[in-house]
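Quick one: structure below, then a few questions.
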Amino acid sequence: MTVMIDKKTKVVVQGITGYQGTYHSKAMRDFGTNVVAGVTPGKAGEKVNDIPVFDTVADAVAETGANTSCVFVPAPMTKDAVMEALDAGIATIVVVTEHVPVHDAIHFVAVARSKGVALVGPNCPGLAAPGVGKVGILPSKIFMKGTVGVVSRSGTLTYEIVNAMTEHGIGQSTCVGIGGDRVPGTNFVDVLTRFQKDKDTKKIVLVGEIGGTAEEEAAEFVKAHVTKPVVAYIAGRTAPPGKRMGHAGAIIARGRGTAESKIKALEAAGVKVARIPTDVPELLR
Amino acid sequence: MTVMIDKKTKVVVQGITGYQGTYHSKAMRDFGTNVVAGVTPGKAGEKVNDIPVFDTVADAVAETGANTSCVFVPAPMTKDAVMEALDAGIATIVVVTEHVPVHDAIHFVAVARSKGVALVGPNCPGLAAPGVGKVGILPSKIFMKGTVGVVSRSGTLTYEIVNAMTEHGIGQSTCVGIGGDRVPGTNFVDVLTRFQKDKDTKKIVLVGEIGGTAEEEAAEFVKAHVTKPVVAYIAGRTAPPGKRMGHAGAIIARGRGTAESKIKALEAAGVKVARIPTDVPELLR
Amino acid sequence: MKLYEYKAKELLKKHGIPVPDGFVVSSPDGVKQLPGPVMVKAQVLIGGRGKAGGIKPANTVEEARKAASAILGLNIRGYVTKQVLLERRLEVAKELYLGITIDRSRRGLLLMASASGGMDIESVPEDKILMLSMDPLIGYQGFVGRRVSGFLKLGKEQGAQVADIVKRLYALMISEDAELAEINPLVITKDGKVVAGDAKVTIDSDALFRHKEYEGLEEDLTPLEAKAKELDIAFVQLDGNIGVIANGAGLTMATLDSLNMFGGRAGVFLDLGGTDDPEKVKSAMLLMEEADPKVILLNIFGGITKCDTVAKGVLEAIEMRPTSAPIVARIKGVNEELGRDMLKEAGMIPASGLSEAAEKASKESLR
Amino acid sequence: MKLYEYKAKELLKKHGIPVPDGFVVSSPDGVKQLPGPVMVKAQVLIGGRGKAGGIKPANTVEEARKAASAILGLNIRGYVTKQVLLERRLEVAKELYLGITIDRSRRGLLLMASASGGMDIESVPEDKILMLSMDPLIGYQGFVGRRVSGFLKLGKEQGAQVADIVKRLYALMISEDAELAEINPLVITKDGKVVAGDAKVTIDSDALFRHKEYEGLEEDLTPLEAKAKELDIAFVQLDGNIGVIANGAGLTMATLDSLNMFGGRAGVFLDLGGTDDPEKVKSAMLLMEEADPKVILLNIFGGITKCDTVAKGVLEAIEMRPTSAPIVARIKGVNEELGRDMLKEAGMIPASGLSEAAEKASKESLR
């Protein structure tokens, strides 16, 4: 079993005729993903990597039965694209696009959640399940089939850690890069819930960073609901404190949000926390 | 078992200090309903029929555990009131208020549905389960405990039919007046779904009227999913055709919406259709 | 509240949707100058103006005055034309249909579009009409416009114009509290512009409290209709001879159905809405007596008011404006017997059930 | 993008939130006339202006010019004051706090209010601050304002004013694409008016494409910061001596953490974002050489680009602007060995893993 992706996943790539869309639709397919359609308004009838292109997601769904979307369209059009996918009944949406206006994200994340649609991102590398497929831009070659579920707020740092795991012979069940934006469609708790249920995930790696309180909330959730071993790494232990956002940030944070606070919370929940990324494989043994 | 109301129902009356709120909060309680709170902004600390009044629904929920709201506030404030109830985590909302702007209704009905909240109305008499309680303005004395579920788009016509049933010794499990507005929070199909599941409902009465296609949709649903006997009455068999709304109405209707179309659809689904309301009790035998 | 074409087009224009240049006059003298060749169009709230002679072309001020003169005062299916719209004539290349209305089934808005616009839209087969149910939580997004222009098989330029019009029409629906906004035909002109040829907009009368700008807008009502409207009573003129007063649309229609069973036919009906407010019942009785039916049937299912109080109101109304018509009265609710006795004593024909009341009223009407 | 106080107040005013009368000048001569007794306030994007002497009262034009003259040019925690806001002095009866920001945990907006506004808001206990998570599907509704004014225990009149301000601040957040809108203090004046005493507004820089009105708004940036911003590279000045270039915030921070493990300290870091675009790597190298660190550590985890292409860019940068600093380079991805060999050949110190790279760079920096 895998998380958010399985052998029934049929991917439509929104923005397939762009550079990223073209490159990654092929990379996804090469990783074993069933990429059935692309969408670019005005380009219906064309083909990209032999994948048929449609004008609208509704057309793509009607013709190919696509149930998962990977969104590569530029930030100003991302809200439109995500809403189009939601309207067309897509069940899982991965939004790779970065620099999406936060109010757009708030809106489409709320609608996705209200419909029970799994939305990952925006500004995320997506998800990969070795041996099953991937939706997004995670580099294929770092993965190895296994039983560790990886969830990360970070992009390249995820690659670093997955790569280190693979080099040490520790494979992954599913890796979910939830992205570092302030309003993530899927957060740590959402993925931890799925990993806890997933029979093929035996251990969990959580990669966080300073800022916000998502890791503290994840720690609470682990304490209450997760029985599988969890290893974490929190980036930014030695980073300088960022410039503050008015008083509001301080009012919300109340001392949370720092690496110390996150590490303390995770350790209190029984999570082993690595000092540097390359310690993760060792802690998984 | 009953539908949308049970012994755990705790009602907060929004607009309790108005004429209707004051009258019906007492009538509900006299019918056996657990009315725990009222809300009128600026009147916190007062009491109406010994029921404590709060400024906000959030306060009422925090203090009394209210889980159901009955909304009597004037139409211009109804959207605000319903949203407040939704925000406060109320699970069932009955909106009695009539003349609610249709775009307001569209908005709050959509939000309620997205949250899985049962919203009945607007412009509805509410629901009553003899022996359990009522939420709304249905006249108490027409009811009698029994096993027939009644669902109706009409107000006083519902009373007429329930009254006729009771006079003939046929009692009701739950009666849901869904209201005649164009955008109902709960429609025939929603209630039929519940009646079909409800163990204490043995037969179903459906009261419809001309206009729209809700009865045709109900007929389709009955055909596909309802195994219990259904008796219907459709008001307006002899009513004149209404003035048309541009071409749009005709495009949507395409011949549906008339009494003939509705009766035909219902009969095709195995529903017995009464010619006049007073025939309903006989058809239930 | 239905808006006249010229008013609807003012709204379109306000929301940035192209409409032909034009102006409205209520007298031929109002025509001073034309924006080019025009159509002179009767402003009435009913379809079929063209066939009734309510639309005429004109090329000069003189022709326009002549046309206006012919159309002003014209009775079109019962509606007298009081104003005409003079509007620059469009060079029509293609007529589309575009409309947004309330989607009862999906509880949102329904967008409709067709490449076969114009007068025959109602008979266009279903597969030639795009019907998009718009999710209220999603609202208008660019993809909606793209789906419309894609369905209409428009080129890039007209496609973009139509998508923009869809966006604006949606904004109009929401911000003006419209329950219908329809452009038929939506004209593609010979020079490639997309322009609203005709427009129907209906404003939700329940939302008028937040649209003071519509206050005092003229409506075509008979004196009785106007009075009923003021009292918030639904008034409908039919062709029988029994005047029906009931409370609630469903109950009113059920009363008509029951009359029909016994051979009676309603001539006018007044629906008080869900209320049994004695004052409103009284007003309805007074109004009904003005309509002068052969028989009056009063069918009130009382909720929270006492029947004797309602009966008292009825008696007061009869006292104020005596009527020769027999009155069959059925009032259901608290203190039922008391109310019935009061009415009986005043010479009315009481009934306890709906069937009984319908039967008695029908019998009286056929006398 | 943070806005200066005067700009933030312009926005509040645009949305109908009361602000004191005032104007902004960049020279004492700009002061011609006062709207009454004023406060002269330094316009800098940093807190603690008052304590730094950046806020002074004035009653006459002469006093105001004197104050402006003292404040203009003032260096407040590293920021030089270029403009002052002269603003009518408020007669303060009470100071409230009101703010809306992004609610990461609940994925919507968070509304905060307190009756204990002013400079010490951060130390106000949690139960004295109302924190309302606003459901995006519900948005602002009247009950939100009522909950705020109820929590603040305001009377009817001020309660209504505050509720209205909450409504308008919410509208500002949405329509201006703000990620923070904060009024602290929100002043209740002695004559019962509610006025924004100070305001902080931050515009979401990702939304600037639809807010052309903010184009060219001045920002306080060092030349290197400005260049980095133009290249869409995150630039942060620290106090160590190793210059770090990495791609992705997490990886950059992990690189700092790893350096720290081996005793190294970063002096400046450049984060390219999630990309390994060779052009961007090259630009970052050029920028880094301008910052002149003792050691440069390049840590790129490649996604879709080839390592040799990235290495080529690095070599070009060094050729364009030679540096004496040792360069530790770790590039991970396709054609890894090829890239490593190219860099090694050019005299750089290659590393294959993050730890190895961090260890080598730290060692060089401590030499």
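For reference, chains read A, B, C and D in written order, and residue numbers begin at 1 within each chain.
Heads up, the rule we're going with is that a contact is a pair of C-beta atoms (placed from the backbone, for glycine too) under 8 Å apart; a residue touches a chain by one contact, two chains touch by 3 or more.
A quick note: this is a predicted structure, and the numbers were derived from the prediction, not measured.
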Of A-D and B-D, pair with higher C-beta contact tally
A-D
Taking each chain's centre as the mean of its C-alpha atoms, give the chain farthest from subunit C.
D
CA centroids of subunit A and subunit B: separation to the nearest Å works out as 43
Could you state the distance in Å from the CA-based centre of subunit B to that of subunit D?
52
Taking each chain's centre as the mean position of its Cα atoms, how many Å separate subunit C from subunit D?
56
Centre-to-centre distance between subunit D and subunit A (centres being mean Cα positions), rounded to whole Å
26
Using the touch rule from the top of the page, what residues of subunit A touch 2 or more other chains?
110-111, 114
Among all residues of subunit D, those touching at least two other chains are 135, 137
Have a look at which chains touch which and call the overall pattern line, ring, star, complete or other.
other
Let me make sure I understand the interfaces: which chain pairs count as touching?
A-B, A-C, A-D, B-C, B-D
Considering only the defined contacts, which subunit C positions touch subunit B in the complex?
47, 97, 99-105, 107-110, 112, 121-122, 126, 129, 131, 135-137, 173-174, 177, 179-180, 182, 184, 200, 202, 204, 206-207, 209-210, 236, 238, 246-251, 253-254, 256-261, 273-274, 301-304, 332-334, 353-355, 358
Subunit A residues within the subunit B interface of the complex:
114-115
Quick one: in the complex, what on subunit D touches subunit B?
135, 137-138, 141-143, 146-147, 150, 156
Which positions of subunit B touch subunit D when the two form their complex?
41-42, 44, 55-58, 77, 79-81, 83-84, 86-87, 110-111, 114
Please give the residue numbers of subunit A that touch subunit D in the complex, ascending.
23-24, 27, 75-76, 98-104, 106-107, 109-111, 113-114, 123, 125, 137, 139, 141, 152-160, 163-164, 180, 182-184, 187, 207, 209-210, 212-214, 217, 233, 235-240, 244-252, 254, 275-278
